[in-house]
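See the structures that follow.
Shared chain: subunit A. Partners: subunit B in the first complex, subunit C in the second.
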Partner chain A sequence: MHNLFILLQKEFRQIFRNPTILRLILMMPIIQLILIPFAADYEIKNISFSVVDLDHSDYARRLVEKMTATGYFRLVEYGTSYAQSLNTIGNSQTDIILTIPAGFERDLVREQQTTIHLAADAVNGVRAGLGTAYAAQIIADFNANIRSEWLTVPQYGQMPRIEVVSSSWYNPYFDYHLFMVPGILAILVTMVGSFMAALNIVAEKEAGTIEQLNVSPLKKHEFILGKLIPFWVLGLISITIGNIVAYTVFGIVPIGSYWTIYIFSAIYLLSVLGIGLLISTFADTQQQATLFSFFFMMVFILMGGLYTPIESMPTWAQWIASFNPPAYFIKVIRAVFIKGSTFTDLLPDFYKMIGFALVFNSLAILNYRKRSA
Partner chain B sequence: MPAISVNNIIKTYDKGNILALDKVSFDVQQGELFGLIGADGAGKTTLFRLLTTLLLPDSGTAQVLGFDTVKDFWAIRKIVGYMPGKFALYQDLSIIENLEFFATVFNTTIAQNYHLIEDIYVQIAPFKDRLAGKLSGGMKQKLALCCALIHEPKVLLLDEPTTGVDPVSRKEFWDMLDRLRARGITIVVSTPYMDEALRCDRIALIQKGRILDIDTVEGILAKYPKRLYAVRSENMFRLLSDLRQYSQTDTCFAFGEYLHLSLKNGEADAPATEAYLQSRQHAQLSFKPVAPTIEDAFIELMQAQ
Partner chain C sequence: MKIFWSFIKKEFWHVLRDRRSMLILIGLPVMMMLLFGFALSNEVKNSNVAILDYAQDESSRHLANRLESSRYFTVSDYLHSERDRANSFEQGKARLVAIFPARLADDLAHSRNAQVRLIGDASDPNTANIIINYATAIILDYQAELVKRQNLPYTINIETRMLYNPQLQSSFNFVPGVMTLILMLLGAMMTSVSIVREKENGTMEILLVSPMRPLLVVLSKSCALYGIMLCRCIDYSADGTYRIGHAPARQPALAVSRKHVVYHHYIVVGFAHFVLGFVAANSYVHLISRNAHALACFQRLYVSHRKYAQNHADYEQYRTDKMVL
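And then the complex of A and B:
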């Protein structure tokens, strides 16, 4: 016990003596939490579009007006040549071309039907997909409006119409901050836990100090606990800072309990610390450890459901994601923040996290040889 | 019981491709100051790492005060003080913090063993709150020695403690080792400096993982088989090439400001050699017999291999 105390004292002394690490631990949550939720906004606005108007009719103008009035679209070009507009797409100046054919109004009035053409720049697939979806919605709306104008005097009684009214549960205003902030909080804890713990242990390898400890009567578990506890504490501190930023900057407070968040953070930190420990047993230099951690972080973030929902990934990717600890933590922390899930609601995830903590730490301890062959 | 007993140790690296130690055997008596003398890559550090239980031998055994380095490694870690060749203390902790830390790790306190480190510690005490990383080379060595001594080890293993230390600090360091030996601590020290061999009770000359000879310095020098001459002239380079071409030359090496020369027929060849050099018109020629040094002995043993 006394040994552990002296190890912890030493570790905290070193951490507090290293202004860079301290600044990183304090500033990283603040900057990331402020920067990323504002930048990573899924709502696609300012889609630029070109109109190729071959009709020059009243209806054509009304359609274009309706599109710009939504605020999603920005008209950059109004011409009569499709070829020229294709050029504009080629120069990345426009995202979507709306072609209104000659006789658009006439066909619509006489034959009650016509076609218009939408072409999108699919280099950025998300933008193209959402852009055409928005446009199609606006056009459908326009269509419905015109039809109801003609049918002011109902001929066969009321015309059947289905109106779809949707309401978003848990996040009624579709606030992306509410979605992103808890997710980034989860990533932050992951970074502090795995990255810093791994680098710290490897730094002792590089300096040769680990060897000085290895020739001492210090026990394996004392050394490992001496390394895990400080970063466990730092992880909880950084999640606290994150919570404060979430409240002060975004006004986000969990609907569920802070206790639930801290209990999960505490267990989750143990599993990411285990990952950090495992990395440190593989790496001999801080450079290697950084590259290892970087690789893991990429997989963690991109396959953790932070940006793209795991449910929409292919089956094999979902299978990989089910072994990705941050995926569970991101899910849990979002559920507590946004849905107000309670500890019992999340019990299955709790067991999985304990499982991860056990597996990674045991692997690390098995791999951490106090004596090399 | 010897303090250290090494029996037929073989150690290879890189899956057996690199032979670091080749059937090494030797004993170190209790209270002895034992020197391992050899060039870089001779296997000195590997030997230390085996004795400190950091490495396992491929075959052979080693005991420290009767404890086996493989089976009884916990016991060895309590009685051995190790100072690695590379400074391996916490650079971001101060002198006193490092010392306190290592004292605690070994379940002791500075106060308890202060008498052991006092001589050394008083020299660095004025800087006790300075971070270890900001110390000079000599002060780092003193701190490292203090940390290795703080748990009152029975055996002290010092891997090249004076490499990269200025000559004055080197002399001071060896004076400290003398005082520690006077307290009965067994010391094994490795060094690439031949002159430091003179301060050891016994030395082992080690080269390419093999021990060439183990003896006192006097014993090794007494075994030196050849008559040695120190030769110098104004043009040392021409002198060396002339002597290397000379038919009666056995060995000829540059040695400080002299060349150390041995001849095939020993003393019998000396007058003829001197005459040969004079015929080659070397100015200010000096040709005199000289007692061999430990370096001559080392080169001789290496050549004999």
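And then the complex of A and C:
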């Protein structure tokens, strides 16, 4: 116990006397949280559309006005032909082309029906899907208006009608920052936890000071604990800074309790620190440690559901994702922040995180060799 | 020139004879492309739906079956009370709750008007939006079947066409993005590592006293890695074509994307040297600061993948135009 205490003292001194680490711990949360939510904004707004109006009728103009009035759509071009507007899609100036055929109004009144053509730039599938869905809603609404101008619809009509009323909970205004910020907090903790710990031990290996630790009477677990605890504390500090930034910059506070977040962060940090220590036992140089870390970070982030939902991955990828600790933490921290999930709601994830922490740390302890090979 | 050439050769041998960096250069990207090319997608499929069915009649069962049988939804749970509904969101068990009112079938048959409620978990805004739209479409489809194609007067039909990517596969969007990301990481990493390694081994001194100007030393390093990376790009396209099936399949796009890759590379390698210019012998600081860069890289991904997609779009447009003409 005494040994551990002395080692801790040494580690803390080392960290606090290294201005780079301190700056990193302080600045990383701030910069990441301020920069990334704005950059990685997938919110679908300001869909630009061009109109190819071949009809020039009263109805056509009203429809276009209705589209622009909603605020979702920005009219960028009043084209003369479809082929010409297709070019603007090619240059990414427009997302959607609305083609109103010649005789639109006449057909609608005389033939009782007419067709409108929507073409969307589907390279970004989500944008295209949502854009056309919005447009279809607006057109249907317009259609209903026109119909009510021509006929009075009897209240109990001949046709059965199902009315679909939808509501969106937790984030009714579809604010994308509310979704991204907690996820980035989770990534932050992951980076602090795994990489700084990994690089720390490897730095000792490179500097040769690990030999001194190896010949000391320290036990294996004391050594691992001594490396683990300082970064655990730093991780908690950086998540605190992250919380403060989330509140001051984005005004985001968890609906659930801060206690839940901190309990989960504490356990989660243990498991990522375990990963970091495991990497450090494999790597001999900082170069290798960085390469490993890069690789793991990419897998962690991209398979963790930060950008793309996990359910939409194929089954084998979901299986991989289920062994990805950040996936659980991202899910948990989002649930607590946005939905106000309580600790008991998230109990299964809690057990899994404890499992990860135990497995990774014991692997790290087992894998750490005092004897040089 | 001859000296410069021999420096480039030296750099090539450095990389080619180091088995570990060859492994990283070739093995890692292929693995990542496969992993992410297949795994990442924005498409909504198999989303969990919980159903709160007050009706328990023919219509409500029809609707539930329709939701279940579409590839977008899986009915995960049948709820029994309003309270369960919040629980299923908070425990993350469902993304959508569909509520069918009591006497749904009766209402449809007699008063000819019924209301179905959909509640989406908008903690993931876009997904919630898409899911609600799909579910609405499915329910309205059921309605259309009840109506049996009776034409309403004054109807505007909407014909939608998804250009370039009719199935809305998100791999079109992600595969080029991941490619960019990997090239970026590797480009920046390999070049900076190659110089830092010289510093660590002390061979930098030898290079500095050689008749080469420092600029040319750095340039020769870029040239070598540049060449190797270009080979990687070719095998990316191959990866894409054979494994993912999305990469440009015909000449024009191949040329365009290759050109783009080259530019991108040029920037990346340049960037790495730029970073190095500021890096003192203290490689520890350097390595850590590069880690902090990792996420900045991701942000770059989303800037540059647009351009990639753009190239792709150009090509596809060329193809569609040809088809139309």
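The rule is simple: the second predicted complex is superposed on the first by the 355 of 373 C-alpha atoms of A that agree within 3 Å, B and C clash if a C-alpha of one lies under 4 Å from a C-alpha of the other, contacts with A are read in each partner's own complex, and residues count from 1 in each chain.
By definition in this document, a contact is a pair of C-beta atoms (placed from the backbone, for glycine too) under 8 Å apart; a residue touches a chain by one contact, two chains touch by 3 or more.
Bear in mind the structure is a predicted one, so any value in this text is a computation, not a measurement.
*Asks:* More residues of subunit A in touch with subunit C or with subunit B?
*Replies:* With both complexes superposed on chain A, more residues of subunit A are touched by C.
*Asks:* I'd like to know which partner A:Lys352 touches here: subunit B for first, subunit C for second, both or neither.
*Replies:* neither
*Asks:* I'd like to know which partner A:Arg17 touches here: subunit B for first, subunit C for second, both or neither.
*Replies:* The first partner, subunit B, only.
*Asks:* Could you look at A:Leu108 and tell me whether it touches subunit B, subunit C, both or neither (first, second, both, neither)?
*Replies:* After superposing on A, A:Leu108 lies in contact with subunit C but is clear of subunit B.
*Asks:* One more residue to check, A:His2. First (subunit B), second (subunit C), both or neither?
*Replies:* A:His2 sits against subunit B, while subunit C stays out of touch.
*Asks:* Just to be sure I read the superposition right, which of the two partners does A:Leu213 touch: subunit B = first, subunit C = second, or both, or neither?
*Replies:* first
*Asks:* Overlap of the subunit B and subunit C footprints on subunit A, residue-wise?
*Replies:* Touching subunit B in the first complex and subunit C in the second, no residue of subunit A appears in both lists.
*Asks:* Going by the contact rule set out above, which residues of subunit A touch subunit C in the complex?
*Replies:* 20-21, 24, 28, 32, 35-36, 39-40, 42-44, 83, 86, 89-90, 92, 108-109, 112-126, 128-130, 132-133, 135-136, 139-140, 142-143, 146-147, 150-151, 156-172, 174-176, 178-179, 187, 191, 195-196, 199, 203, 286-291, 293-295, 297-299, 301-303, 307-309, 311-314, 317, 320-321, 331, 334-335, 338-342, 345-346
*Asks:* Under the definition above, what is the set of subunit A residues touching subunit B in their complex?
*Replies:* On the subunit A side, the touching residues are 2-3, 6, 10, 13-14, 17-18, 207-209, 211-218, 371-373.
*Asks:* Considering the complex alone, what residue numbers of subunit B touch subunit A?
*Replies:* For this pair, the touching residues of subunit B are 52-56, 73-74, 77-78, 80, 82, 84, 86-93, 97, 100-102, 104-107, 147.
*Asks:* Quick check: in the complex, which residue numbers of subunit C touch subunit A?
*Replies:* For subunit C paired with subunit A, touching residues are 20, 24, 28, 32, 35-36, 38-48, 87, 89-92, 95, 108-109, 111-130, 132-133, 135-136, 139-140, 142-143, 146-147, 150-166, 168-170, 172-174, 178, 181, 185, 189, 193, 196-197, 283-285, 287-292, 294-296, 298-299, 302-303, 306, 309-310, 312-314, 317, 321.
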